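In what follows, a single structure is set out as structure tokens and then discussed.
First chain written, first letter: the chains are A, B, C and D, and each begins at residue 1.
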Amino acid sequence: MDIEWYLVLSALLFATGFIGVMVRRNPVVILLCLELMLSAGALALLAFSRMLGNQDGQVFVLIVLVVAACEVVVGLGLVVAMYRRRLPLDVDEIKELKG
Amino acid sequence: MEQIAFFVGAIGALGAAFAVVIVKNPFYSVLALVIHLVFLAGIFLLLMAQFLAAALIVVYAGAVMVLYVFVAAYVGGIEEPKWDSSPELRIVGPILAVALFIAISIAVLGSGLSALGTPGPDDVPSGFGTPEAVGHLMMEDFLIAFEAASLLLLIAAVAAIVLAGRRREDRKKLPGGEGA
Amino acid sequence: MPDLVLGLPLADTNFVDATWIMIVKSLVIFIVILSLVPLLLLGERKLLGRFQQRYGPNRVGPYGMMQPLADVGKLLSKQAFRPKGAVPLLYELAPALTIISAVLTLAILPFGDVQGDVGFYGIDVPIGILYFFAFSSIAFYGLLLGGWASGSKYSFLGAMRSAAQLISYEIAMGLSLLGVVMMAGSLSLVDIVKAQGEIWYVVPQIVGFLIFLVAGFAETNRPPFDLPEADAELVAGYGTEYGGMRFGSFMFAEYMEMLIVSGIASTMFLGGWMGPGPPGLDPVWMLLKMIILTVFFIWIRATLPRFRYDQLMSFGWKILLPIATLNVLVTAVLVVVT
Amino acid sequence: MTATWAWLVLLFPLLGSLTIGFGFKVLPARVAGLIGISAIVAAFICGILALIGLQGEPSESRHVASSLWEYANVGGLRIDLGIYVDPLSIFMVLVVTGVSSLIHIYSYSYMKSDQGYHRFFSYLNFFVFSMLVLVLGGNFIMLIVGWALVGFASYALISYWYRRNTATKAGMKAFVINVVGDIGLYIAAILIFKNLGSVDYGTVFEKAPEVFTTNEWEIVAICLCLLVGAFAKSAQMPFHTWLADAMEGPTPVSSLIHAATMVTAGVYLIARCHSLFELAPTAADVAAWVGLATLMIAGTIAIAVTDLKRIIAYSTMSQIGYMFVGVGIGAYSAGMFHLMTHAFFKALLFMAAGSIISAMANMQDIDKMKGFRKAMPFTAAMLIIGALALSGFPGTSGWFSKDEIIDFAHFRGGMYDWMWAGMLIGAFMTAVYSFRIIFRILPGPACKEAEYLEEHGHVIHGEPKNPATGELEDTEVGYPGEEHHIAEQAGGMKFAMSVLGILALIGGLVQVPGVDEVITNFLEPTFEDSVFAHMHPSTHEAWVGLGEGALISILGITFTWFLYIRRPDLPVKFRERFRAVHALCVNKWYGDEIIDFLIVSPVKAFGRFCNRVFERFAIDGATAGVAGLTRSAGAAVRDMQSGMLRGYAVLMLFGILAIAIYFLIRSI
């Protein structure tokens, strides 16, 4: 099984995630699409790691997981804060960047 | 056998990913992403990253997505209003993304990788992808990254509490209502 | 060259049987556990009756032995209806999800060492205990979807409670096992059992064992942690809108999870299959330990009242988690020192 | 072991400085003083232990280089944080820490009623630390570090009373001139590295004779650059103007920095680099001639000025001139010997002067002092001992050391005979100005301050005023207030002065020609590679030289006695008669004015020019242009800053695509 297939899959996933970020307006969904992009990156890293027989890539992926978890925590915290203040859950509506 | 497994996984993961983007209700998007992650874990297994596959399930499906579920349930399944402030993005965005995909594919399938050469699966050292091997790497070569990541987690936890935590003085003290 | 599992170069596993042996094995394990569940059901009702100074079921068959069969028959014959507000597909998927994840977890419980060409376990994976956690986190979606898809407020509240409870106690559970993992130096359950040749880890890791048991109660939604299905407050939590065999599946999965938690506890702390007698007796010892622990579960149910929700949360985060962390720290220091 | 003790020598003063500096809110004043004293005493003891360790080695291996860690390693330049311990540096360490300990003890009493007590001791310890870095440093970079730190410490101490305008100005002047010297050192270090590929003392001195031929222009340039540093730090012509102004600092500072330690750094530098200077005899001659010029000019100034501390300051310049001549003509051990004895008697003189100044309520003009003999008998005795040693009275330490240098010049003959003659004249002037102090302030009817002191046992409580400007001093941040009456009664001052007095009297006995030549023998391992190592006048010649010195000294003292005691009207008449000469001397030979005219004014004019032309058109124009450019660019892209998250995502994707396509095209 050629590694290229995994990479193409990763590219597809990444592009899908990107479309989501650009098209959707609900912050929760945008965060989900970011997760998609991150997991696509992780997939590419693992594919390279497998190809080169070098496990450094796996450690990178683990760190990516951690960073993604942090991002989610903060992002969802923001969403909850927005909801509490009765702001619209629409990234276009809250572009003023103040509470 | 591997091909079949890969394509099953790939179709599942991709389909779920499309569902994430397309589905209107955020709650279903979250569920679609869970399915995507399960398929992705399978693909990880094909790449001999069993520890990461387990970590992906435990961390993502078990913790991160639970948070999503919470939040999605909390803020309710609000569907996006039909009115779009910039409808041109609906067309431009996908076109650009497809362009990006094509560019990456050209790079992957064309010139880029052939130069690197592809060692077969036989070249993999024993214990590849086991918790032991990854743990050794992490505690020896990538210790600083590991520590930095743990610090980051701590900061994120604090930040989340600060952001989402209920503030009592919000209503009492500050007339503007927005405490720092 | 990595071993081929089902013809796939998935990963380095410690020991892989021939494919046909694996199929036979999985059938055997599945059937044994599956037949244990009704027994357990009966046992629980009998025991609860004794604890409460009454007889318990004694009408169907001799000593009420046929009661489980009657129950199943009743559930099967009920009409499988769906509330109006429910989400069709998810509503039906949820019970299946819980049962599937429970059954899949069975694969890693070791009932004995490799004897001849057969390993007395489903599969021995290096990620070992992580596998258990992976599937228990999937099982959670069963409850959640069940509650959410029912389209009822009580179900939804129950599901939310269970979500909060599960993630709160999963951390303490993971940390409590970390001490054992550090002492054994492996995640593989078979290796961990083998490492207990000298002394069962229940002795040095008594703190971990107790935390694991408490967290195990919470993870399986057993009393005193059965808040998600607290019948006094939430009617029946996530299961309110379910009836017939779908409800039965939830019940079934819960008992299976109880068995699994007992199995993990025996494996990690009580020496797994170890016991006197020839190696052929190993599975018997393992099953015995599991059943004893399960009886303990039932005993606790009869003894302790239910927690309040805020008590449950503060107990998990403020007591169990710090103690578990401390246990990990102390163990780490001791492991490094000795 | 030796190296360890040497590191400890460095450690203690630094620790002391930091402890006092950071603990100034917690530590009681007395404790801070005691910490300061004990740090330096500990350093002194460690110095002695290092000396013992060093003497245990055979003579040819009496040098230890030790490195704590690599400080930098860039482009072939390897700098260690290292020290170099040999007899010369140990000699300097002992002189520095020894005299410093006594001065610390003196300051402990002298600064008693000063509000900035902690600050003062922290600075003092820091100064000693810097000086020790300078003398112990194992390479030119460490030398520069020490050199610069000493400059800073001296700035801090001169401007110690920072509410006093004259003091801050003097501090700045000293600092600026010192930095000019530092630049000389930097250039020298760069040239050394360029030619020899190393800045380590050991390597440099070993390789220099192989790389350079005698008087090659590059080695001369290196030595001249080194000399610039040495002149600036040691207040030699033409960098001498700062030293007299530096007297604005508290008297112990003058005593420590401007007599005993810092100003001798230049002498140390030449002695340390003697193997370079011997490759460049021209530069060595320059050093000697400049030393000679300084010693004579400073002598004339010292005879003319009336400020007590300034007289001593000019005498310091003059004496350092002697040392420069000494190390310039190859009499290294004699130069170092004079450095040591000078440290004793000059510190003593300053201390005694401090005592008198405090009795005069910070008045420093000797015209106003009279008759302190009875009021302050102890100080008077010390002043006389110091003056005797300074003027080279037979038997005192100054006699042996100064005349050894003079003698060596005569011994080398030729051109150096002129130096010999000059130095003899200088010696005569030394005797005159040192006894001018004695005869003006000790005998005669007591002035009102002395009288008051005699009657009440303590000094007048005057309002603290700046004698130069008449302004009231600000005593809140450190300046002795009205309650300042220590004079000579304090134990610490008496102890320090008597120890120095004894040393000034008998310190010369360690180096009596033909009897015991301790200093020469001790320093021999350092200087044995010198071409002058085995050249020295015979004992007979040496004693003849000593005889000449004694004669001149006694002549000078008698002459002064005649002038100021027998015919006190004569000096006044001289002053009337030779008004121009007097004015020249009082105004320091117009040194400040010359520097002003030659350097400061042109620089100012250039600055004005730059301000008017260059600044306005080039810089302002460029700034305005950049600002305008930024503004218009901002206007151009402002619309992109919509705040719309998704818009940003699209822009980002554009960027990614552009990069991806660029690389794709390149890879084809």
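The rule we apply is simple: contacts are C-beta pairs under 8 Å (C-beta built on N, C-alpha and C of every residue); 3 or more make two chains touch, one makes a residue touch a chain.
Given the structure is predicted, the values throughout are model-derived calculations rather than measurements.
Separation between the centroids of chain B and chain C, computed from CA atoms only, is 28 Å. Averaging Cα coordinates per chain places chain B and chain D 68 Å apart. Centroid to centroid, with C-alpha atoms defining each point, chain A and chain B lie 5 Å apart. With touch defined as above, residues shared between interfaces to two or more other chains in chain B number as follows: 2, 46, 48, 51, 55, 63, 85-86, 89, 92-93, 96-97, 100, 104, 121, 124, 128-129.
Multi-chain contact residues of chain A, defined as those touching 2 or more other chains: 18, 22-23, 25, 92. For chain C, the set of residues touching two or more other chains is empty.
Because contacts link the chains in a way that matches no line, ring, star or complete pattern, their graph is best described as other.
Here the chains touching each other pair up as A-B, A-D, B-C, B-D. On the chain A side of its complex with chain D, the touching residues are 18, 21-23, 25, 30, 91-92, 95-97.
Residues 642-646, 649-650, 653 of chain D are the ones touching chain A in the complex. Chain contact summary for the complex, chain B toward chain D: residues 85-86, 89, 92-93, 96-97, 99-100, 103-104, 106-107, 111-112.
Residues 644, 646-647, 649-650, 653-654, 656-657, 660-661, 663-664, 667-668 of chain D are the ones that touch chain B when the two sit in their complex.
By the touch criterion given at the top, residues 1-2, 5, 27, 31, 34, 38, 41, 45-46, 48, 50-51, 53-55, 57-58, 61-63, 66, 69-70, 73, 121-122, 124, 126-132 of chain B touch chain C in their complex.
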